[in-house]
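Here come two complexes built around subunit A, the first alongside subunit B, the second alongside subunit C.
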Partner chain A sequence: MSNIMDSLYNMRLLDDLARQDTVIHKLHPLVKLLATVSYLTVVVSFGRYDIGGILPLVIYPVMVFTLAELPVKPIVLRILLVSPFIIGIGILNPFFDKQIFVLGDREISRGWVTFLSILLKSGLTVTAALLLIATTGMDRLGSALRMLKIPRIFVLQLLLTYRYISVLMEEVARTLRAYSLRAPKQKGVHRSAWGSLAGQLLLRTFDRAQRIYEAMCLRGFAGEYNTGGFGKLRIGDWVYLAVWFLFFITVRFYNIPMLIGSLITGVIR
Partner chain B sequence: MHMADALISPVVGGAMWVATAGVAAYSIKKIQTEMDEKKVPLMGVMGAFIFASQMINFTIPGTGSSGHIGGGLILAILLGPYAGFLTMASVLTIQALFFADGGLLALGSNIFNMGFFTCFVAYPLIYKAFMGKGYSKRRIVFASVLTAMIGLQMGAFGVVLQTLFSGKTELPFGTFVLLMQPIHLAIGAVEGLVTAAVVTYIWNSRPEIIERAASGEAIGNVSIKKVVAGMVVIAMVTGAGLSWFASSNPDGLEWAMIKTAGTAELEATGTLHQQLSDLQTKTSFLPDYSFKASESEMEQVVGEGEEVWPAVSGGTSTAGLVGGGMTLALAVLMGLGVSMLKKRKNRFSA
Partner chain C sequence: MSHHKLEVKDLHYNYPDGHEAVKGMSFCIHHGESVGIIGANGAGKSTLLMLLMGVLFPSEGEVSVGDVHVTKKTLPMIRQRLGMVFQDPDDQLFMNTVYDDVAFGPRNYKLDENEVEKRVLQALELVGILHLKDRAPFKLSGGEKRAAAIASVLSMQPDILVMDEPTAALDPKSRRRVMDLLGSFKHTKIVTSHDIDMIYGMCDRTIVIKKGEIAADGATSEILVNAELMEACGLEVPLALQNCPVCGTQK
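Let's turn to the complex of A and B:
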């Protein structure tokens, strides 16, 4: 139950954030999508042991956070909640790779380094995905997908799913509340009600889909979900994209922290 | 069972994206030719239903715990494989975007693992084969449980293979399989039982929904011949892969990487190695910078087909730590600077 409310709150939060009007929000959705995808690719392309090289990529989420004026706390909370699977898989690394290396005057096993690298990558990739939706919103993302020639049926279907999630989640929440009032002190739905509870919901979903379709037809639905559309890319969009591309490529090919560090330690000596 | 971006390599993620896009394009073509537009809103609302019903906890008898459904099988049964696959794809896309359940690069893998195996392999080969003889409660339960379990087993095995080929985890193949498969046997059983309960209920109250879907009317049918042909290809590829695993030294990940994903990794390390030595020549004027001594060691490692272990010694590790700290501090400073500038600008404009 609280789970549903959490999810609903989460979606509405991201929806609200996406409705802001900042430099980042004004950018063309296609540009944000491309920047995000290339960012993810660069983050993931680093080797298992390469933690230093990834660090400059922290700048991307930091800049998007500040330029888009997003609240850090609720989004970071989401990121921390995510992926027990990753920690579960990653935490086993130190047990399987015990080779020791020396860092400063300490001995650390390689497994911890790979674990740390997985955690870091997970944090960065999850943040980037959330930032994309928090600065773009689903409808505009849909129009970006159409510009990328993703077939109409899929985009339409995706946007409809998104549109009706909150409706159906509220319905499920009401149903579960009614059920729990009639079946107190019960953890979940009893086996005897599995079919009827979910089945009733499903039947209502079918009928709702029929009504929605009829309503859409009455309003002139001809197979296209019109999102208002976006014009051509403006100069600002091109600059945004170019700057990040350049930055990502530089970070990928030069280990910047190592350069800075060796400069400083060299100067000190 | 959602794969995360952090566990996948660009090569594996890209390959799975291509595979998924292929299946999706084929499904869309099928829907366009065999289905009317009426079904698109149904697909959309069904996707939302699956999303919402994943929040329902079903008490598992005799265990005291509860589970929820994934929904792939229900979608395949009610919408047919093509629309079911596409609907599952959009559910997973929204999960990845809003809940970070599985990453965007790993989305191709996730759609394939949770959509393809259930909709295009388990459903037509098992469920439809059983239901061809007509509906009965017992048959629905048996077919649903078997289909869900086998579909999930294949999906879980997909997760294992994709993670291992990506080479981000140190888990040996055997351990990983032992971690993943049994738990997904249980998850599959619950999925199958809940699906059976729902399908039976609908079959009792609105049989026409089930029958229309089952007959493939206006919703598309999978040709068994094509599925079998596809399965033969997949079986051959997996067989070849497995025989690799089974031969001489089946000792987990290191080995699997060298033999299978080795080529991609080697290419990557080749360029990385090149960059590192470039970097070394550029920075060698710095005193005490100890890259040189370790070059031979690095080459040896690369020769073994492993990723480059950054040559670590007193000098480099200090430089790395200092530089890493500086980079992070720089990132924070940039953020603070921009937000201060923005605030000042707002104050002036206000």
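Let's turn to the complex of A and C:
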């Protein structure tokens, strides 16, 4: 049960981080959103054997981490949370794709290369998404999506789902606390109580959601989740976006590690 | 100032399961009045508040604020003038920061962001929690949450404040602070509560509800001392008016 409350506090950590006042945090949310979307597009556009080409893209999260002064550990922990799914997706590749790939004087299966590529790509994309939330916050992100003319119903769904997760978790924590106090010798919830507990939880969450919705309506909510306006894009925002666009395009069309490698080997020769 | 008047005429409400929660209530609350609504559990207090706020619509009768009837069409205007503080502040506070929560109402009414900021800071200062503006609401104490919930309604600058159990689940000092705070407002106030002492200290007028009907409506100083009436409605006279439990001195 304490784990659930811990998770609740941890979940809000990204929101807390988003309230800092660094160079990255001060950027216009729209700019950060566009930079992240283009980054994700470039990362996933690489072929499955092209690990070398992706490597320079590591610079983007490293730069954002540094400039936004974000703590590395909690964000890496969140990336690790999704790693079992990614490993689950990629682990069969080494068994199915057994073609041989020669690296220097070693031979390795191509399956391992694709597995590594999946790990790298997912690691980078999840990091970029987390960094976007940790430097912008969900509410401002919602406003940026609205600026891109994403229909308000989708943005509202996203924001309210994010909000209601904590409502649901609070209800779960309360219910489990009440249960555990009356079942001191049990570890977890006995299966005979699963059905009624889940049912009760669902009904209570409906009730709570209804009250929250009523409270929103009473304060003039009419379908649009207003999170305050933003100023216009400043020169700094444009420069940030332009620099990253240029970098992503360069990385996509030129294999930079290869160029550096041939440059060095050329010099040595 | 008739536009601050709240009038309820022959109000009836049946829940979908057929339970008649409100049976023919009528009263009128004028500008600047502080009205306490009391009654036993299930008497119909919360249903009445929901009807006043237009969350529920009456089966019969009508509610009007000023000279405007509460209907679906007039709701946006009505809700700008009637601010409601919920019993559980957690139902009301759900944004990332206290500031955003207090700004939620004014932003929904499409106010200019400078005006929103002005109102938010003003409301937070009024309830004395300006220093908490960047905190996450779920990390606040019970009293702070209550103050934030009140600020989130004050920022809409309502004419009438409606409060459901504003002192519930508060420690004595927080309760006193909320009472002092509410006492300092010049708004028309409608308060439902089981905290009879709070009603005694804060409201000039009291409406007693029993089984969906108005059992009494009049000056607090007369109604709350009427032990017979209070007993019949499942209530008690305020502790402040009861005999001393230690020495037995009669009040």
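Keep in mind that, in the parts below, the second predicted complex is superposed on the first by the 245 of 269 C-alpha atoms of A that agree within 3 Å, B and C clash if a C-alpha of one lies under 4 Å from a C-alpha of the other, contacts with A are read in each partner's own complex, and residues count from 1 in each chain.
The working rule: contacts are C-beta pairs under 8 Å (C-beta built on N, C-alpha and C of every residue); 3 or more make two chains touch, one makes a residue touch a chain.
This one's a predicted model, so the numbers in the text were calculated from it and none came from an experiment.
Once the complexes are laid over each other on subunit A, subunit B and subunit C both fit without any clash. Looking at the shared chain after the overlay, A:212 reaches both subunit B and subunit C. In the superposition on chain A, A:266 makes contact with subunit B only, not with subunit C.
By the document's definition of touching, neither partner reaches A:38: not subunit B, not subunit C. Contacts of A:167 after superposition: both subunit B and subunit C are touched.
With both complexes superposed, B is the one of subunit B and subunit C in contact with more subunit A residues. When the shared chain is aligned, subunit C comes close enough to touch A:137, but subunit B does not. Of the two partner chains placed by superposition, only subunit B is touched by A:187; subunit C is not. With subunit A as the corner point and C-alpha centres for all three chains, the angle toward subunit B and subunit C works out to 100 degrees, nearest 10.
Applying the stated contact rule after C-alpha superposition, one finds that A:16 touches subunit C and leaves subunit B untouched. Shared-chain residue A:224: touches subunit C; no touch with subunit B. Per the superposed model, the minimal spacing between any CA atom of subunit B and any CA atom of subunit C is 8 Å.
Subunit A uses residues 138, 163, 167, 208, 212, 216 to touch subunit B in one structure and subunit C in the other. Against subunit C, the residues of subunit A that register as touching in their complex are 8, 12, 15-16, 18-19, 137-139, 163, 166-167, 170, 208, 211-212, 214-222, 224, 226-229.
Against subunit B, the residues of subunit A that register as touching in their complex are 3-4, 7, 10-11, 14, 36-37, 40-41, 43-45, 47-52, 55-56, 58-59, 62-63, 65-67, 69, 78-79, 82-83, 85-86, 89-90, 92-93, 95-97, 101-104, 110-111, 114, 118-119, 121-122, 125-126, 129-130, 132-133, 138, 141, 151, 153-154, 156-165, 167-169, 171-173, 176, 186-191, 194-203, 205-206, 208-210, 212-213, 216, 223, 253-266, 269.
Interface of subunit B with subunit A (complex): residues 2, 4-10, 13, 24-25, 28, 31-32, 37-38, 40-49, 51-53, 55-59, 61, 64-66, 74, 78, 86-87, 89-91, 93-94, 96-101, 103-105, 163, 167-172, 175, 193-194, 197-198, 200-202, 205-206, 209, 252-253, 268-269, 272, 275-276, 279, 283, 286-289, 307-310, 312-324, 326-328, 330-332, 334-335, 338-339, 342. Residues of subunit C touching subunit A in their complex: 53, 55, 76, 79-80, 83-84, 86, 88, 90-92, 94-97, 100, 103-105, 107-110, 113, 116, 134, 136, 138, 152-153, 156.
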